[in-house]
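Two complexes come next, and they have one chain in common, chain A, joined by chain B in the first and chain C in the second.
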Partner chain A sequence: MSGGGVLRNWLLSDGRSRLAASFLLAVAILAIAAPLVARYSPTAQNAMPFTGISWDHWLGTDDLGRDVWARLVYGARASLLAAFIAVGIAVGIGVPIGLVAGFRGGWVDAVLMRIVDTFLSFPGIILAIAITAVLGSGLMNAMVAVGIVFSPSIARLMRGQVLVTRERGYVEAAVSFGSPSWWIVVRHIVPNAIQPVVIQATFMLGLAVLAEASLSFVGLGVQYPNPSFGVMLRSAAQFTSLNPGGVYPPGLAIALLVLAFNALGDSLRDVLSPATSTRRRIGRRANRRPAPNPEPNGASPRDN
Partner chain B sequence: MKRMLLGRLAALVPTVLLASFVVFMLIQLAPGDPSITLAGENATAERIEEIRRSLGLDRSLIEQYLTWLSHAVRGDLGKSIITQESIAAAIGRTLPITLQLVFGALVVAIVFGVIAGVASARRADTATDAVIASVSSAGAAMPSFWLGLVLVSIFALGLDWLPATGFVSLAADPVRALRHLVLPSVALGAVGAAEIARQLRGVLIEILASDYIRTLRAKGLSESRIVWIHALRGAAVPLVTIIGLQVSRLLGATVVVEAVFGIQGIGTLVVSAANNRDYYVVEGVVVVMALIVILVNFAVDVSYRISDPRIR
Partner chain C sequence: MMAERPALVVRNLEVSFLTVDGEVQAVRDVSFEVGRGEIVGLVGESGSGKSATALAIMGLLPVVSSRVRGSAMVSGVDMLALSPRQLARVRGRDMGMIFQEPMSALDPLFRIGDQIAETVRAHQRVSRRAAAARAVEILGEVGIPDAASRSRAYPHQLSGGMRQRVMIAMALVSEPAVLIADEPTTALDVTVQAQILGLLRRLSRDHGTAVVLITHDLGVVAETCSRIHVMYSGEIVEACGVDEALLAPEHPYTSALIQCIPRAGRHRQPLHSIPRRRGSSPDVRPSGCRFLPRCAHAAEICKAPQPLLDLGDRAVRCVRHDQLALPGAVERVPQ
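Moving on to the complex of A and B:
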């Protein structure tokens, strides 16, 4: 099926994915058009603190009298940008590593996967904090850290896919025709192995939104006075007794974004690789020795 | 069995060494020179050089790593550049607090997760199932620390039922400790409960359709006995794996949740160290956390080797 055909079928088949996709599109438009939809500067003091909801300030003002709606749409900008940067870095690091490990095999594979497993043994957010400590705080550095933390699972997934794809008849045919390795990788392996990575990357966008919020909340991500969902929660948290409603706008925004990315990932998985959709994968795992990394092809018999 | 245990344990050593090496090298990438920081302002070049030598910073990276490692295995992780406190002592002070929190969260995750998972598997594809599925996907999308803030604003500041911040050790005063533990445990455990419910549902549906359950039904056993005793025992192995993965996630998530509840655990320690660029503290905490995750994975691995003779 062509790419366009898959996309059309997917959006037509599933109400949930349509809802998630429209929501994400709306958020993206709001974020891009932030200067037009926000009537105030997100960093300037425009009114008294905690004015409450009014016609002038749709979501009220925060502890410094800044417009919450303006901060929310500019915050969406930071959060979405952060998510795409982090996942882009994760894919950019993870895909080549997985490709080389899976295609070359042997000691290259053994060494690379050993390193990948080492990175997987750190709790993600703690490793991200450590990397941010070294690089220095700030949105870009925090997202580089999150991207590095996410990359090992992409590498593992890609490697598993390459191992499977490498055994397919069309690859063997290309080898027997004497096609050069790079051509086989670019023409046959990558296009056929990449789908699960696309699905995983979609889920990771949600995780990256959460990671940005967490790191900014503890002061390591987006820096004062710029808005992001995490920064907004950080300042709302200091004034929960004065303004208990302050935690809802950024918190709900995070939860809805994550929910939308998860729904999109779920339905992408159902369309692109029905064999690994949640329900059936769990069913299969029940009868097998469960692997600590539950990806479909993580542990093939030819491992190492 | 003993040989298997020892063999698996020995296999952990390279993993732990590699993890510690990765963290050590990461910290070396940090800009700045701790000896200049320690020497303070207006220090002479000789004084800085003296501190460099006393810290061993004039030697090669491999030598420095081996020295650090030989101290680390004896429980000496160095001193904080900022507070001068021993890092091992700081971790020893904060880790039990974090572990108590993680334990509370695990209890919440397992109790609610198993009840919800069983309920939705028994009533698969009914309204109950759909409600549980929506609640758990919402739960999985919520940042733990935000849920914590919401719980504080409702149950602590609004209704005044539970304390908003602070921590009491379970050993010191169990009743007060539990009151302080409820909100952070629920905040942290909610995501885990959602994950356990979702995965357990899938596993149980598969098991409930299997032949031995059909035989048990034919023998006339009550449905709840079949589900709670026989089917759940069959689900034990995947369940332990899911719970093991949750421990690693919880150790990470607690970092931010501690900030919400003003709990002085290991998360607060590493966050303030990262903000102050107190690299050696960050290094010590990350290595200890990786060690805990590796040991938990080991325990999970061993437990399913014990419970399932086929994979021994």
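Moving on to the complex of A and C:
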């Protein structure tokens, strides 16, 4: 497979995805290399509170005199990890459920989908809070909760895709050539059904960053004294009167991260769905050089 | 007749579908046989039960919502009596199927060579390499130039005709005794259609494959088949050699179908069509001849149930067949 080549082509083909991908890559590198780039421990109190921006403390210090840059870098670690764990759990639960429901149909489908409906009928964050209340707080439990909250929509999506794919000619053809049904599921149905799930999962990474921040903000996620964007935002929000700029580092970090994941998902959707990608390709070509006007009377071809 | 045992013998095939309104019969009393190396046409308009017949023989109808009765013997084994597991083993090995849409019958995500190799490996214990080599070999045989490099192409990189060739290659790679071709050329343009039909003829002759060619195009039948079974409303209404059917049809429906073919030389004449809507919707069928509401030759006697009358070398489901002089493809010159 030339999957790597395809991936590279896609990332480089489109300015938006290139920007989003490089931003995410930069955040990931900072998060992984946190001990090298942070300069301070994220939990050590090594200065006065609210020193403001200085060479010693790039983004100042927080209410307990901890370095905000260090906390931001380590917080990125927690937030990214949290996002990937949550989406991993959502996909890990949702895809098999959707696959079984869609492929088996009948009462299995009915039972699984009613369970999924039940989960979908709760507001997500409330459900996550309820699950965390049962599991106990902490980053891992919070992410399990978010993963469970996200899994029904993945299951729904996967089921719909399986239902469509199951009726495709190549599935019927594979049956008529005597391929065993497990093979047909693994080889034909899953690869053809999974694309929208990949796109949805990319969007979900952004949502998971938000969910982690929200849960940490209300105190159910990352626990004192460890940093995450949500934790930082909460402590900064408590001291807005003393240090009004304090909300910007974690706030902007959350916003940019979510924006980057969304842009990536958007561009992925455009690339993977044939209709939109054709339109975009035509649009891009038209931008590059004006199309020769086929109308001799000068009627403008510029209708979107 | 044939000395050896026919490759496919279908007897008293009956297919019905379970709907919310109860059981609806789609195919009734269908019997035919196909010898080795023979191509037999199954002709009829949409909804006449052609495809239901094919899918029933292949065991591809949904188990929960359909009922199949009768028998379909392929090399002495009744396909309709097999368990799903046994069926999966013989499908592809003893019988293959070509579908109407070569665009959708190939998985867009995999190279065509891999898809053919998959079919090989479903039935034979061979190495990946040997299966791939076999795929290239069969691709060459179905007339794909430069088969070795084309086997690494994805379906979207091939034209419609090429894709149908790939489908044929997939269906034939395990050399099944019976091949069911469900409208294999409907989605193709006319020149490609002629090539594909020629290919089917050659492969059928070379490998002794019995082919059931399902189509609504009498031209395709005339070009390809030795015998023809005309279906109407789930029944075979006429079964005979292709020349007999085209020159001297015995059933009014066969004759009407032939008249519907537009032909050159008839200036400014309206195109012929069979009058009234298709009266074959399973729930509003007349008890007698099913073609009765649309037949130009209907009489009182036609309201009685119609058996398939055996006329020796042909069979027809029409009591009035010997009273009618029906036009065929060649105009009778008035004398």
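Just so it is clear, the second predicted complex is superposed on the first by the 266 of 304 C-alpha atoms of A that agree within 3 Å, B and C clash if a C-alpha of one lies under 4 Å from a C-alpha of the other, contacts with A are read in each partner's own complex, and residues count from 1 in each chain.
One rule holds for everything that comes next: a contact is a pair of C-beta atoms (placed from the backbone, for glycine too) under 8 Å apart; a residue touches a chain by one contact, two chains touch by 3 or more.
What you are looking at is a predicted structure, and each value in this text was computed from that prediction instead of being measured.
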item	value
Three-chain arrangement built on chain A, chain B and chain C clash or fit	fit
Touching partner for A:35 - first (chain B), second (chain C), both, neither	neither
First (chain B), second (chain C), both or neither touched by A:254	first
First, second, both or neither for A:132, with chain B first and chain C second	first
Most chain A residues touched (candidates chain B, chain C)	B
Touched partner set for A:206, first chain B, second chain C, both or neither	first
Partner chain(s) touched by A:15 [first = chain B, second = chain C, both, neither]	neither
Partner chain(s) touched by A:217 [first = chain B, second = chain C, both, neither]	first
Minimum Cα separation, chain C to chain B, after superposition on A (Å)	21
Residue ranges of chain A in contact with chain B within the complex	114-115, 117-119, 121-127, 129-134, 136-137, 206, 210, 213-214, 217-220, 233, 236-237, 240-241, 244, 247-248, 250-251, 254-256, 258-259, 262-263, 278-279, 281-283, 285-287, 289-290, 292
Contact set on chain C toward chain A in their complex	58, 60, 64, 88-93, 96-97, 99, 101, 103-110, 115, 118-119, 122-123, 167, 170-171, 174
Parts of chain B lying in touch with chain A, wherever the complex brings them together	15, 18-19, 22-23, 26-27, 29-31, 137-138, 140-143, 145-146, 149-150, 152-153, 157-158, 198-199, 202-203, 205-207, 234-235, 237-238, 241, 244-245, 248-249, 251-253, 255-256, 259-260, 270-271, 273-275, 277, 279, 282-283, 285-286, 289-290, 293-294, 297, 300-301, 304, 308, 310-311
Complex contacts: residues of chain A adjacent to chain C	106, 168-170, 172-181, 183, 187-188, 191-192
